[in-house]
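For reference, the structure discussed in these notes is given below.
Chain naming follows the written order as A, B and C, and within any one chain the residues start at number 1.
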């Protein structure tokens, strides 16, 4: 076992100690939610949740279960703090974040409590880096009150099929309009840009569509600027579940497989921009 | 004052191009000194260069199949030119497939280093390409500015870790801070440190080894005589200058080391067979 | 009025649009009897390009008869349809293009794998016909080369270089970079490439001229030619009249028409700056003694800046064939200006890249009834012919 992931004598001082043989398993999933600097870390015995928000309208959460870590020791039921996510990512990738097989950065992450920095011990090829990242008191994440019992429409697609659409989105369009319907066009993404509009239609029986369960035709618009960051999550994921509730709130859940084949989740919640009449 | 050289061997051409490309990443302009045995690329540590200086030495016999030169005079048998290495690099890159490349000092609309190559084609006649790279001839009265820098009286000399590793780390640290502290001791240990309001990061290298500088190293008794092996010498440098040095490396050096004059200078040395590159970054407070 | 074109997706369509985007900001679309014409012109109107896709290119090509229709739109929005250029080839099964005059809408529908349907509705403006008038068949110099040869030539020049000068003799073509200002000469790297005639598929140089034109548009065409593997034909006469670069196959034709520096500019230049305007003589024997640099050093050491006259090597005199053959072209540009008709669009805020280029060598507005072909029209409309001599293609 790499040096830095071994238990240290001063472990008893820490409220949280988490170790990973491969730091990429953390850094990759954090990349999927990096669109603002402030990230709220919430650790419970189940694992780690990292939350990033934008303008009270968008929230992204990354979940890393305790089992993903080689060591996950928590002294309290809940340990929370806030750090600069961009800084954290630079630290996690200090050795370059190599993808060369057989080479990985080992990580040991420790937090002592309020007022203390988040300390990272990183080791690769015998070289050790110690990072101390200043922490702040965590803010309370927004509760979007998105409840699965209120879900009106749901579709699970292979991420592959949405990647192309998202990479081609007309960024001169202020909104992305999502239409989900039990009848034609079933699942439609639309943009309204400077030079015209564009529609991407996915038939419900497409082999890219793993599940299609729509009860009612719903058309809602979401700010393009808010949804654009979710492209990062899409790029890392293999499947995405698109859900809307009766209020038109959007939930995007991404299933991400890490280097070791383990599964983590990233979810995005987004408020609708405005109501639109169905065409 | 004449110069003409010819490179036939493709590996030599490739190597020569890499050396010049490396230099082009380090500086926009530099001085090329030609002597009967060597080529030197020199950047003197002027304020305009951010205090950085460079000395790169190549033995002509290892690159050129023909090499003829006539210096300014028989007692000063040298030619000193100010060149844009980027232009030389670009010209050389386009002629990598050439059967032979000639490099000549020519009189065109202005003094030029002319790079002429015959490129193989499907047809019976070769394709001929010439690049005229304008140069400035440096008058002899200014030559003293481009002499080989004397080895600084360093506190610690240490072998560098793999440059790729160093580059990765410095790249990330550059995202976090503008300045970097390099410190090393005579126990083979080197640390890279940054510290800002948000974060402090320290990377520890060990077992790097310290080069044995003999009596000829013009040291005052040598650094190892009196110094505590665990005592760190350090230099705080502009991280961009170090990054630039690491970014440009096209030549995989067989030996790389660094000398630190405590709080004064970081002196980086790369050795590759017949090429040596020295780079001096001044420390800042 | 409804025009419908359907084809199996072919990357050549997207590549054509990509290379047109190197010319100008707008795409002019015109469904014609003889095919779908896509055109573009640059802001200074010194470069024009047209691709014509024959009806046979499409599996279905329907246009209303006896009713000319044309429109233009931002080329960027059309590029957006084909944004994932690399993957389109694998994912798109069918491409449907519909031009609806009533709704002012151009619709691209891409039928993709897995049933995904991408529909792009682009709004457009009506436009004048964009038609360059040129007669490539009467050009004295005609060359044809595989795209590889030109790609390998262009690669020697920096991406930032704006113009190249091409000179020809019976057996050789020289390509070198054109440096505008005298002041830049001492800093700029000069590159010259010499190609032998037998590297070309066809090489016919009747007029031993040098022309200077923009490299950017040539690079644009090379993007297209390289991906399709189509040979490029080059037609030109003399400085000031356009150079035409063409690619053709059974179902498509592409013509790029580029202004060349008018002769007064290049002539003046030649007299004052660059010594060689016509094909340079064979290089002098590789003589070590030829290049003694002492004069520079002496001049510098005594702090006397070497004047251009003293430092210039006593090389070739200006080849007289080139100079004497050119008519005095002083009124050349004036005349072109006067004959360029006004356009409704006045938003050409972009500064022309180079004022020495003839501002426009085409009539941009033609009566709707005129023949929309790339062949020469009536004599009056030939704006880019010889200046003194009104007979085109003499």
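Quick notes on this structure:
One rule holds for everything that comes next: contacts are C-beta pairs under 8 Å (C-beta built on N, C-alpha and C of every residue); 3 or more make two chains touch, one makes a residue touch a chain.
Because the structure is predicted, anything quoted here is derived from the model rather than measured.
Contacts with chain A and chain B are shared by C. A count of C-beta contacts for the chain pairs A-C and B-C puts B-C on top. In this assembly, the C-alpha centroid of chain B lies 42 Å from the C-alpha centroid of chain C. Look at where the CA atoms of chain A average out and do the same for chain C: the two points lie 49 Å apart. By the touch criterion given at the top, residues 152, 155-156, 158, 185-196, 198-199, 273-275, 283, 286, 288-289, 291-297, 300-301, 308, 311-313 of chain C touch chain B in their complex. Only residues 161, 164-165, 168-169, 171-173, 175-176, 197-207 of chain B touch chain A when the two sit together in their complex.
Those residues of chain B whose C-beta lies close enough to touch chain C in the complex are 1-2, 4, 68, 72, 79, 84, 87, 90-91, 94, 102, 104-112, 121-134, 137-141.
Every residue of chain A that touches chain B in the complex is listed here, in rising order: 84, 86-87, 90-91, 93-96, 125-134. On chain C, the positions that touch chain A within their shared complex are 73-74, 76-77, 80, 83-84, 87, 91, 105, 114-123.
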